[in-house]
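Here it is, the structure, as structure tokens.
Chain naming follows the written order as A, B, C, D and E, and within any one chain the residues start at number 1.
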Amino acid sequence: MKYGFYPGCSLHGTGIEYGMSTTVVAKKLDINLVEIPDWNCCGASSAHNTDPLLAKALPARNLALAEQYGLNDIAIPCAACYQRLKMSELAVQKEETREEISEIIEMNLKGKARARSILEVFSNDLSEERIREEVVKPLTGLKVACYYGCLLVKPPEVAIDSTEHPLMMDRIITTLGGTPVEWDYKTECCGGALSLTRVDAAVMMTAKILHYAKLAGADCIATPCPLCTSNLDMRQKAAEKALGISINLPVYYFTELMGTAFGIAPNELGLDKHFVEAKSLLQNISAPAGQ
Amino acid sequence: MKRIGVFVCHCGTNIANTVHCDQVAEVAKDFPGVVYSCDYKYMCAEPGQQLIQDAVREHNLDGYVVAACSPRMHEPTFRKCAERAGLNPYMIEQVNIREQCSWVHADKEKGTEKSIDLLRMAVAKARKNEPLSSSTIPVTKRALVIGAGIAGIQTAIDIADNGFQVTLLDREHSIGGRMAQVDKTFPTLDCSACILTPKMVEAAQHPNIEMVTYAEVTAVDGFVGNFDVTIRKKARYVDFDKCTGCGACQEKCPKKVSSEFEMGLGPRKAIYVPFPQAVPNKPVIDAEHCRYLLDGKCGVCKKICPTEAVDYEQKDEVIVERYGSIVVATGFDQFDISKYEEYGAGRYPDVITGLHLERLMNASGPTAGKIKRPSDGKVPEKIVFIKCVGSRDEAKGRPYCSKACCMYVAKHATLIKEKMPQSKSYIFYMDVRTGGKSYEEFYKRTQEQYDGQYIRGRVSKIFQVGDKLIVRGEDSLIGRPVEIEADLVVLAAGMEPRADAVALARTLGISYDQHGWYTEAHPKLQPIETHTAGIYLAGVCQGPKDIPESVAQASAAAVKATGLLSKGELTSEAMIAECNEAVCAGCGLCISVCPYKAIEKKKVSERVHGQMKERVVAVVNPGLCQGCGACTVNCPSSAMNINGFTNEQILAEVDALCQR
Amino acid sequence: MSTVEDKKQTAQDWEPNIVGFACNWCTYAGADLAGLSRMQYPPNVKLIRVPCSGRTNPQFVLRAFQKGADAVLVAGCHPGDCHYSTGNYFTRRRYLLMQRLLEYMGIDPRRFQARWISGSEAPKFRDVVTQMSEEVKALGPNKKLREEL
Amino acid sequence: MNSLIKEMQALAQELLASGEVKGVFGWTKGSRWYLTPPLFIQKAEDAIKLHYDEFAINNLTSLLLDYRNSDDKIAIFVKGCDSRGILRLIQDKQVNPEKVLVIGLPCPGMVDKEAVKDQRHVHDLPLLRKCQECRYPNPVLADRTLGDVQVTKEPGVPIGITAERAIQKGVGSKGKERYQEVKEIEALSADEKYAFWQKQHEKCLRCYACRNICPACNCRECIFESDKKGWVNKAATTTDNAFFGITRAMHVAGRCVDCGECERVCPAGIPIMKINRKIMQDIDELFGTYDAGTDLEEAGPLNHFKLDDPEEFL
Amino acid sequence: MGSIQLSNTVPDSDEFRALLKKEYESDLSLCYQCGKCSAGCPAAFAMENTVRQIIRMVQLGLTKEALTTYSIWVCASCETCSTRCPRHVEPAKVMEALRIEAKKAGLVADKRADLFNDLFLQSVSNHGRLHEVGLIMRYNLLSGQWFKDAMLAPSMMMQGKLKVLPESIKNKEAVAKIFKNVQKKRGGQK
């Protein structure tokens, strides 16, 4: 199965391990990710905070490029980029807005390209058996708080799963042998857009999520978004200070957990690139499994 | 040439504001057939009607046209006015220049122009009006009440007290409806069963009431005065004559099922009586769960029944009964709270609805009156109520207010404080609506003596953490987010039409709104009648309301129903079909499209070349025909015509409208 | 009264004359509700009240075009809601054929509409009437099937 | 073919002689080689005049309407298309089945008299278009049959002694293309369509030949006869002709048995079948294929409905 | 601050509410102040005026006050409010609109947030992609927080997450032209 691949700027920077783990996991699952040549930044929150038209035009260029190369299904790891491209895709479906945007980006838009989150691709386009086949080291005993963040499930027109109680990632973690914990902060916002401009607010929002994950008895957190990870992982120390309790919850990209279960070496997945030490937790689960 | 009068009404300023009534009356003078034309401020009022009657006598008018409001409103008024003036009531026409002209076109010139065209149309039709009279139809002096909640029971009792036979029908196998599930009622805090069961027993023992429970209406034919209703009596598998209601079978039955009456909080058996005060107080076997009926095993109830009342061979029984009038009192369903994913409704066991709480508080409920959390049975300390769940919420498709939730939440808060003094109730509200008698005082007492903490704001999310429910809202009065760690959350779920309300409406031929509430003939002036003559509404099936209103509406429906039955016979529609036997070829095309099977064939003999020859023609039964006109179009030779809407009249109207 | 007549004939502010057949129980009630709610719509459609949409004979539609109507609307209850229970089922079949036959005879489909408008759908009544008035005003006077005076 | 004619004459002679029927409708040899006009005989000895060949085009069924009041039993010869007319009249209760004796004949396929070049000498003539498109060459009902034809309610190929010649001439060969002409008109623009039909309606004389020949047009008193009804006045103006044409099409909608006689008898040559076929096509598309006059019990498309009929008026 | 003269403030702000309705598809007349949006807002704790209050300000015509409040810049545009609003008022779009209109009117309360957005978009229009390190460096410098998050830098450097050199796409002009075309369409003001 062939998909257009839109990594987004953070996968080449702060979210490098997300890019590494996604590509290597995809290869294992014979999913052919063809990077969209010369893709440009989706504008993230700064674009839609400046001009609604700019917010639709920037991602539209990527849609046009994808259509040119016949990559109508675009797999997008980063939740922020997914939401931006999906919003642009929906605008391009309507006749009059499509003409307006084509004029702005000076490229032809057919409205055929579909923006899809990599999480949705893995859970809808692959059967559970297909993923289970690849599992070499099941994550038995690992209690995972699956955190979806807000961008993948809100607003409803772009949601890949239920807005309040999504289960896509939970199902994948179960297939990998892990046990997802029952918790309700899975779609509360971590303050991604504020992580540089209002660090104080971002830390408090992140702290709440970490606190609820801890209460739910999770060993670690799985996320599908580099913005959330940069907050939950990088700001975990500050959150501990703010809450006055120790948290010590490693934050993995769900693709990193998939890679581990598929038996891929930790460094190949980028597990050495975390703030909260991430490798040891995964090692001692595989240890009892006897390998 | 008929002498036609024209009377243009100002309707105060409703028409005069955007139509030059004088100019319209003036132009009407030149219309062919018009011998007198004038305009007046209030045609429908006494002086207006007097003016018409004087003009009829003075100008020797054969008929007249009133240009005013909608004929749906005042056509009967102007017909009676014609009768008083000595004219046949069907010699007049009313044309709508208010709802369909003055109110919808601001431009006075265009409004006047359109009124003139409409008036020209009405005059053209009036000139072809013929005197009509209606015939009489016999009325079956028997009423049917569909739905035996408090509304249905009250209706049946009132009809029976008026001396008429009435059948009280309900789908469940005991009467009582929603009110039977309620613990206490507001504002008096009477025990619901204590005020309901006497009425249920009265209905059961009333000589004029025939109770048909565990039965459904499957088809309704005929029309006002003569409804042929097909009723399917579901098999009970218990012979009611033999059964003494001793209850032995219920104890021994091995099959446990979650009880619908207890809202799934408690069990019942496959052979069961829903609640102790059920009427009839005899069990029924639930075919979907009984082991014997499903796969032939067990049969315990039959073995231990002292009077051999259990009979597995019983089959559904379909009967057809004739009724003069029907009252629909089918009640409502509670809103399905699982649509509120943000509250975890349907996932968290401790997020329940008002009715669940009613069952928990009820002495004969699953917890014998002690309020326990469905999850772990603990007694809750902090209880949060959330109002407007499934009401006043366009996003969930329920824009309307369900009217009774504000009061039953206040009642719950009061009762909980009474039962558990150490508990604390928090009530999230947007508005508190206490529109009934002594309702506001009851609400004040809840805050004053029963420590009800009211927080203005709508809850956004409920988190389950461990065994606690974190309720997150905003107190919009001080404008700050608030959080409560609750043991139990009660959602004030609103009212919703029955799931099959639309199907029943179509069986009965009555109309319903976009939610499924039944539509009354007129929201203000005829809240009990429907557009279908002989069918009336009572209770919540017509829209959310509380018990006092339902009972009041029930008695009103009883009066309407008996008013019809007391007449003995009905005057039929005057504007019905008529077959011109000279032209009719007896082809029967009209019969195939008549909804009321009102057309039969009859032999006529006529002299052809000196011999008497017999042939077949169609004939209309005036009692059955409702004047829909389907036959006139399917009849190629136009032998069939509808009095009051004849082909010639409609052609005259078309010509008049196109005369430019 | 000639002033009213002359003004109408001037070319540029020509107003279409649309004949509407409205069933008494639903569409006529919907039109009344539009009035009660003071909705505004162009004055070009004039309704003839008929007991049921099933009473509207295709010959009335032809007569309207013949006498100079610029468009014709036939409106009634939604199938299943008919006050006479089955009236509009026959209307639906008959006018599915009539609509195609008129188009086959060269009549612009926008000049003949059959629509279901219930008693509570006042906004839908206003929208149908407004849309028809605007479309037909753009199409101009109807010459087809019209009798020469 | 001659043996068939002999059988017809013998049967007619025997029926009349025995008094079982008071009259027989058939055809006789006309004054030209290509003419076989209708014949009505009441005396046994006239049976010899009966004739039947590829020119016996007339559909005799509507002639029965003159006898709707008489008690005499009448016999009638019918081809496949004619027999559907009989069923139409029975379904419309205009003919009492006991009062008519239907004799089914095999159909050789009728030829187009318009194509005659030499009035004197016999020459070959092409098959009528309606016969090329014919789907019911065999009678759908008959009390008696001649020429080993078989009664069948289903569309099919010609059966009987003339079958082989009929198939060779191409009867039913274009059965699939009967809506071809309709599609051609539908493809025109609105104005072109209007112009086409305007020209046709201008030619109409309002002689009502089409109505008189049509078995579906069996009213006792036609609304176009009496202007008292007020539908349309009797002058043959183009607009009134259009009103007549369209109204008649709607009156026979779902009842027209596709016999094509209206078009054949029209003195002005108006393609009336193009209107009826349009309605038949729409009925097939909208409510499922339906052939009028083939099944006595089945109700016509406009006389019943289905809850899930196509919905275009929401 | 004295009583609000509604007879002036409401009519004067009709035009602004019309702009919100037409341009940003959010009709404030639908809002019956139920508070579900601010209840669910994850950043409400950091806001002096919650979303509901800000909408109330615009309803009552206190447009300037709404535009100049600090709270609109704490909104993380996570759309929870719009998702749960019972009346489809789209409060998230209102907050976004207020940020944009505040920028247009030069009434931005949180200068840093504005600075961040401008720098972000400059980097994108220059290189076609965001140069994270360049953005953070320039943002810290211009906002006077020279050592913000400085302690995180070394470990990020080790993890190879800080790409010092900007990564430009081939067709940079195409992206720059998008910015120009949008500005041309918006009548040239910034």
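Miscellaneous remarks
Here, contacts are C-beta pairs under 8 Å (C-beta built on N, C-alpha and C of every residue); 3 or more make two chains touch, one makes a residue touch a chain.
Note that this is a predicted model, so its numbers are computed, not measured.
Least step count on the touch graph, chain B to chain D: 1.
Number of steps on the shortest path from chain C to chain D, with steps defined by chain touch: 1. When chain centres are defined as mean Cα coordinates, A lies farthest from chain C. Just to note, of A-E and B-E, the chains joined by more C-beta pairs in contact are A-E.
A separation of 52 Å divides the Cα centre of chain A from that of chain B. The mean-CA centres of chain B and chain C are about 31 angstrom from one another, to the nearest whole unit. Centre-to-centre separation between chain D and chain E, using Cα means, comes to 78 Å. Those residues of chain B in touch with two or more other chains are numbered 342, 461, 593, 634, 647, 651.
Residues of chain C in contact with at least two other chains: 58-59, 63, 80, 86, 90, 94. The set of chain E residues that touch two or more partner chains comprises 45, 80.
Per the contact rule defined earlier, chains pair up in contact as A-B, A-E, B-C, B-D, B-E, C-D.
Per the touch definition, chain C reaches chain D in the complex via residues 58-59, 62-63, 66, 78-80, 86, 89-90, 92-101, 103-108, 114-116, 144-148. Chain contact summary for the complex, chain B toward chain E: residues 342, 388, 392-396, 430, 456-461, 472-476, 479-482.
Chain contact summary for the complex, chain C toward chain B: residues 1, 4, 7-8, 15, 17, 19, 24-26, 28-29, 31-36, 38-43, 46-52, 54-60, 63-64, 67-69, 77, 80-87, 90, 94, 118-120, 126. Contact residues on chain E toward chain A in their complex (touch as defined above): 23-24, 42-43, 45-46, 73-74, 76-80, 82-83, 92, 96, 99-100, 103, 110, 112-113, 116-117, 120-121, 124, 128-130, 132-133, 136, 139, 148-149, 152, 155-156, 159-163, 167, 169-171, 174-175, 177-179, 181-182, 185-186.
Residues 32-41, 44-45, 49-50, 52-53, 80, 84-88 of chain E are the ones touching chain B in the complex.
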